[in-house]
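Each of the next two complexes has subunit A plus one other chain: subunit B in the first, subunit C in the second.
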Partner chain A sequence: MTGADTDTAALHLARFAALGGEAGGARARAMRRFEALGLPSQRIEAWHYTGLNALSKAALAPFDGTKTASSADDSMLGARLGAGPRLVFADGRLRAELSDLSGLPAGVRLLGLADARAREPSLVENRLDAEDEARAMRALNAAFAADGAVLVLPAGVRLDRPVQFIHFAAASGAAFHLRHLVVAGEGSAATVVETYFGAPRSASWTNAVTELELGRGATLRHVKWQDEAALAFHTASTHARLAGGARFESFVLHSGARLARNEIDATLADPGASCRLLGVTLAREKQHIDNTTVIDHAAPGCTSKEHYRGVLDGEARGVFQGRIVVRPQAQKTAAHQLIEHLLLSERAEASAKPELEIHADDVKCGHGATAGALDEQALFYLRARGIGLERARAMLVEGFVAALVDEVEDEGVRARLSSVVADWLAQAADERLAV
Partner chain B sequence: MSTSVETVQELTKTYKHGFVTDIESERAPKGLDEDTVRFISKKKDEPAWLLEWRLKAFRHWRDRMLPEAEPSWARVRFPAIDFQNAYYYSAPKQKNAPNSLDEVDPELLKTYAKLGIPLREQERLQGIAVDAVFDSVSVATTYKGKLKEMGIIFCSFSEAVREHPELIRTYLGSVVPAADNFYAALNSAVFSDGSFVFVPKGVRCPMELSTYFRINAAETGQFERTLIIADKGSHVSYLEGCTAPMRDENQLHAAVVELVALDDAQIKYSTVQNWYPGDAQGKGGIYNFVTKRGACRGVNSKISWTQVETGSAITWKYPSCILQGDNSVGEFYSVAVTNNYQQADTGTKMIHIGKNTRSTIVSKGISAGHGQNTYRGLVRVSPKAEGARNHTQCDSLLIGDLCGAHTVPYIEVKNRTAKVEHEATTSKIGEDQLFYCRQRGLSAEDAVSMIVNGFCKEVFKELPMEFAVEARKLLSVSLEGSVG
Partner chain C sequence: MLEIRNLHAEVGGKEILHGIDLSVAVGEVHAVMGPNGSGKSTLAYVLAGREGYVVTKGEIVYDGKDLVAMAPEERAREGVFLGFQYPVEIPGVSGLSFLKAAVNEVRRHRGQAELDAVEFLKFMRQKLKLLDMSEDLLKRAVNVGFSGGEKKRAEIVQMAILEPRLAVLDETDSGLDIDALKVVSNGINALRGPDRAMLVITHYQRLLGHVVPDRVHVLAQGKIAVSGGKDLALELEQKGYAMLGAKDVRAA
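So, the complex of A and B:
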C-alpha cells in the first residue's frame, strides 16, 4: 500500500464511507476486515511472488455505474457470445437482454445475484457469508459485490449443455466486484464456463469470487477462461466445497490481463469426494499470471489430482503456488500434483511453490515441478523433416498445452479452448517474425 | 541389525548426553544490551574493528529486527523468546589458556570422554582433529601441530582473530552478512567462539576436521561461529556434532557457519545434530536456529552439506550454497527426524549464478509421535546461469497418525536453458514390508529400524565413516517408542 489517498485501497475505503447508510452489517464487517488487512503485500507468504504495486497505483475506484458499455462494446461483446444458456454481465452488472435463460430443465434456477437478493433471498442466504478472515480480496469483494450469477440445480438434474457466466469490462479506471454462486444438488451434473474479457483499452480491475457447492454425488465441471484486456488486472477466488462422492473438475485458461491471480480452494469435506484441477497459462510481454490453489483433504478416502502447465514468452512471469493439506482424519488420501513451466524466451521467468502439508500417515501423496526450454532434440527432429523453426516451435508448444486441453469433457468448450491456444501461438509467431 | 538393538538397550531409552558437568564458569551479566556485546569483546581481547562490527550488528538487530519480532514464516510454533532472560557468555573458568591438552581442566576432558570424544584417544587413534567448544569457548584443539606443517590453520575462532586477523577481516560476514536475518544478526553481535579453518592452495587436508559443541551451563545460549576457507585447489572435510544437558527450560542455539570455496576447491561439511530434544511431553529442549551458507566463489568449486538432524526441540536451519563460480556444484543431503513434540523446518537454498552450475538436493524427513517435519527449500536460477541443473528429491516417512510431514519447495527459474526438477513423495512404512520382515523372525522394532535405515541410505552413504555409525545409532534411539 502506498498510503496515499489516491491509491486503489484508499479509493475503495472512501467510496464505502460515502455510501454511508446503504451498506448493511455484513458489508460493513467485510470492509473493516479489508481495512485491517489492506491490499496484500509480498511480505505475506501467500503473495510472495505477486506484487500489487501497479494495481495499487492504478487508483481504481469501485465502478459507480455512470458510464455503461457503448454500442461498439456491445457489438464486440455480442460477437463472442456462444449459443446456450448464459448470464452476461457488463461492468459488473447483469445485462438481461444479452442473457439467455431458455431451454433449462424444470427446477433449475439461473438468475442474477442482485435479482436473487431482491426477490428470492432464500436462494442465496447463508451461502455467501462464510468468510476467510485472512483474505483481503475476498473481504473487498464481500463489501462491494453488487451482482453475479446464481445457478441452482435440483437433485438429480443433469444439464447437457454448458452454462456460461460472461463478464465484459468496458469502463476504464474502475473496479468490478462480482460474486457467483453455484449450488449443485445431490446427484446433479453440470458444466459451468466463466469467461472474462474487456474492451481493448480498458484499464480496469475485475475481482471475482465464485462459490461452488457440490451435494452428495454431484459432478461439477468448472471451466474458466481469463482473457482480460492487456492493461487490465484480474483477481479471482473460487471456493468449491464437496460433499461425499462429489466430483469437481476445474480447468483454467489464462490468455489475457496484465496481472492475473486465480485462487482455487477445494475442500473435500466428506469421504469419497474427488477433484481434478487443470490449468494452462499462456503469457507474453510483461504479463504476470499467478495460479494459487489449496486442496484441503478434510475427510478420509478422497482423491485429488492437479496438473498445471505454463507457456511463458517475452518477459512474462508465471507463478504457481499449490498447497495440498491432508488433515489428521483424512486417511487413505491420494493426492498428486504436477507443475510444468515452459520458457520460450530469455527473459521469461517461472516460479513454483508446490506444497504438501500432511498430518495423516496412510496416504499416497506426491508432487513434481519442472521448468525448462523446448526440447532441442524434438525441435531438431521436426526441422530435419522440413518443418520451419517457427512452425516446429508452435507444434511443440501446442502439444504441451493440448495434453491438458484434451481432458476437458465438453466437446464444444474443448474446441473453443483449442482455438484460443492456436490463435495465441499464431500471434506469438507473427510477433517473432516481425522483430 | 542387532547393533541397533544393542544400542537401544545400551542407551536405556533416555537422552544419554543429558548430564551436567560441575565446573566453575564465568558469565556475562544476564541480559542483552550494548554492554553485553562490549563485555564479550573485551573478554576476548578483540581489536576495535571487530567490536564495531558486533555493535553494528547488535544495533541493527535491536532497532530494525526486534521491533518486527522473530520471523514467522517457518512452520514452527513456540512461545516468544525473552532475549533479556539469558546469559550471553559463559566460559569454563580457567586461569590461562591451555597450551596442550595436559593443561585442560580434567573435568572438561571427562565430559568429552562421556560424550564419546576422548580427545586424547582421538588424537592418537582416529586421526581426526577435534576442536571442542564448551558453552561459549573453545577448550581444546587437537592435532594442531601436524596440520600446521601443511599450512592448514585449524583453531578456535578467538585464536584466529588474534593470529590471523587479516583472514577474519576479509571473510567474516562475507557469506552471511551481519544483518542477514534475525538470528544471524543476534549471533554477529554476541558470538563467543567457534572454529576457524583455512586450507591453503592445492592442499588436501589429510584428516577429517571435527568440532564438538556442548551447552553445559543453565540459562545460557550458545552462539558460535564457524568460518572455513578453502583456497584454490584445496580440499577439506569437516564434521560437527552437538549435545546439551537435559533441562526443563528451552535454550537457544543460534550459530552461523560460513564456507568459502575458491577455484577448484572442495568443502564437505557434515553435521550430526543431537541437541537435547526435550522430554516426551515436549518440555525443554534446544531451539536450534542456525544460519549455514557456503559460497562457491571459484570456478569448478564444490560445497557439499550433509546433515543428520535428530535432536533439538525446534530446528530452523537451511544450509545453502551460492553457486557463483562457473561449473560449481552444490549438494545437500539431509535426514531430519522429529519424534515426540519435536518440530523441524529445514532444507536448503541453491542459488545458481554461474554458468553450468549444478545442484543436487536429497532430503529425507521422518516424523513420529507428534513430530512436525517440514522441508523448505529454494532453488533459484538467475538470468545469467546458463545451463544450470538442479535435481531435488524429497521423501517423507510418517510413523504413526499424529505426526505431520510437509514439503515446501520454492522454485524460481529465470533462465530458460536451466533444467530444474523437483520430486517429492510421502508414505508410511507399509504393512506388507513389516509383515515380510516379521515373518522372517525380526522384531517390529528391528524391522522398522531396518526399513528406516534403508530409507535414509542415500544420505548416510555421504557421511564420513565415523559419523555414519553414530548417525545410525542416533536414528534408532530417536525413533524409540514410536512403534507400538
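So, the complex of A and C:
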C-alpha cells in the first residue's frame, strides 16, 4: 500500500487536521508550508543525492503519545546514560525522572521545551518560529514539535561538564519531531552533546531541529552522535547563528540509521566569528548517510573550516554537500573544506558536492574531496610486522577516523566517541569473518 | 636458515628475478649489492611476501619451511623482518600502539603471553637503551612527518623490538647523512647475533664499512653475477658495477 492516503506526508496532514489546532497560529502556518512543499523529492537540487521514497512508503505517523517505552527499553536507555547534566527524551517526550539538572551554575537554565512554553514562554519566544520557506522538514518540525531541550547560559558562564540531550526512539512506525534550543550568552562557553538512538527493532523517524544562538565571544562545542536503530530514519537540521568573535565547533558522528541526513547551517553574522565543522560517518550494508552544510559568511574577517571523513562498507552510500557563501561585505574571509571518503567495498559509493559562492574579492577559500580504498602500501607495512589483514584494516580505518575524533575538546566525550568507533570496527570485522 | 633456489619472480607480468640461488646460515650477515634495476628491492619484497610479487619458479626455504606459501603476516610472526627502503607513513596510528600490536602478534604465535601496556613500555625501553635511541619517534603517528633519517632509525627500533631471526634490510642506508648512517649501522651491529641472520641490501659500499658482511653478492639483471668475501664490496666501489662479468671471484 503506497497510496497517497497512507504515505508519511499524508499521515502527518491527517493527524494535524484531527488535532484541530488554531487556524491562524504558527503551527498551522508551518503545516501549510509543508503541505505546499511535500517531502523533498530528488528533483530538488539540495536533495539530489538523497531519496525519501522509503521514508514516504514507511507510512510513519506523528507519535500520538499512547504507547510508552517498555521496561526493557528503559533499561537499555538507562545503560547509555552517562553522568552529568542531561535531558532525556523517549519517543519525543521529556522523561524527567531520567534527566539530571543538578550541579549547574547559578543562572543556567536547562529544561524541556514543553515546560518552557507552559511556564516561561519568554525563554523561547521569538526564538523558535523563524520560518524557513524552502525547508519542508523544518516546517513539518515546526508544525508538530512538542518537546525538546532548552539550555540558556547567562553571559560569562563557562560550563566545565558537557550537557547532554538524549533521545531514545522506542515506538515503531512513528515519527518524532524534536526541537532544541541553546542560547549561549556573551562570553559563555559550553559543550552540548546530542545523542539519538533507539530500540533495535524500532522502524521510526526522528526529525530534529536544533537552534543555536551564540552571543558575542561565546564558545559552543556541539557534538552529535547519531546511532539510530538499523530500520530507523533520521533527519536533522541545526542552525547556528554567531555574533562577533563567537566560536562554534561542531562534531557529528553517524553510526546508525538506514537513512540519515544531518544539515548544519552556520551564519557568521558579525566580524571575527569562526566555526569548525568536523564529521565522521561510519556506514555499512545499505545505509545512506548525508551531511549537508551551509556556511554563510555574512560579515568580514570570519573563518570557517570543515573536515568530514566517511568510512563506507558494503553497499553504503555517503553524501556530503557543502555550500560556502561569502557575501559582498565579507572581506578577509577564510574558508576551507575537505571531504574524504574511505571505501572498504567496491559496492560502496561516495558523493561529494562542494559549492562555493563567493561575492567578495579579498578572501581565501579552498576545498578538496577524495574517495579511495585503503592504502595498499600501509596494509602491507602493517602485515610485514605480523599484524593480520583484518586487524591491519581496522587499524588503518581507526587511524583515518581518529585524526578527527582527537580534535574533540572534552576528554570524556572524546573517549566515548573513540570507543564507538572501535566497537563499529570490531563488528565490521566479525561480519567479514562470518561471510 | 635461508635457502633460495633458482628463484624466478615477476611483477606486473614481467620477470624481474631470473633464477637466484642464495644461502644464508644462521649468525651470518650477507650483503646484496647491485646497480639500480638489478632486482634488489624485488628480492626483498618477494621475501616479505608483498602482493603482486609473484614467484613463478624455484623455492625459498626458511627454517625448513616453504616461505612462499605464507602470508606476509605469517612470515613476520615466524621471524622474518623487512626493513623498508621507504617506510610508510600511517596517519592516526600511534607508533606505540602499532608496535605493541605487532609484538603481541609475534608473541602469541610463539606461544608466549601477551604484554600489557606497562610491560610493553618496559620492554621497549630496554631495547631503546641497547640502541642508544630515544622513544620520541614512537610516540608520534607511525612515520608521519619523519625525516628520511628518522624513518630509517625507526625501522631499526622496530627490528630490535620484534627480535626477528632473519632481517632483510632494503637500502636502509639510502638517503642518510654520515651521522645518521653511523646511528643506523651501530643499531644493525648491536642486533647481530648467533641466532640471527641478516640480508643487507645496498647500492653503495659505505654502509658495509660499518656493517662488515660475511659474504657479498652482486645482483645484476635479476641474477647473482658474483659472490665473494667482504673485500668484493670494496673492489666494486673502486671499479664500479661495470667490472661485473670481467672477473670471476666466486672462488675467492
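The definition used in the following text is that the second predicted complex is superposed on the first by the 428 of 435 C-alpha atoms of A that agree within 3 Å, B and C clash if a C-alpha of one lies under 4 Å from a C-alpha of the other, contacts with A are read in each partner's own complex, and residues count from 1 in each chain.
The rule we apply is simple: a contact is a pair of C-beta atoms (placed from the backbone, for glycine too) under 8 Å apart; a residue touches a chain by one contact, two chains touch by 3 or more.
Since we're looking at a predicted model, the values are computed, not measured.
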Broader residue contact with subunit A after superposition on the shared chain, subunit B or subunit C: B
Which of subunit B and subunit C A:L113 touches, first, second, both or neither: neither
Contacts of A:A203 with subunit B and subunit C, given as first, second, both or neither: neither
Subunit B versus subunit C as contact partner of A:A143, first or second or both or neither: neither
On subunit A, positions contacted by subunit B and by subunit C: none
Parts of subunit B lying in touch with subunit A, wherever the complex brings them together: 73, 381, 383, 396, 398-428
Residues of subunit A touching subunit C in the complex: 375-378, 380-389, 391-392, 395-396, 398-403
Sites on subunit A touched by subunit B in the complex: 45, 48, 328, 331, 341, 343-373
Footprint of subunit A on subunit C - complex, ascending: 48-51, 71-73, 75-77, 81-82, 84, 87-93, 98-99, 101-102, 105-106, 109, 141, 158, 162
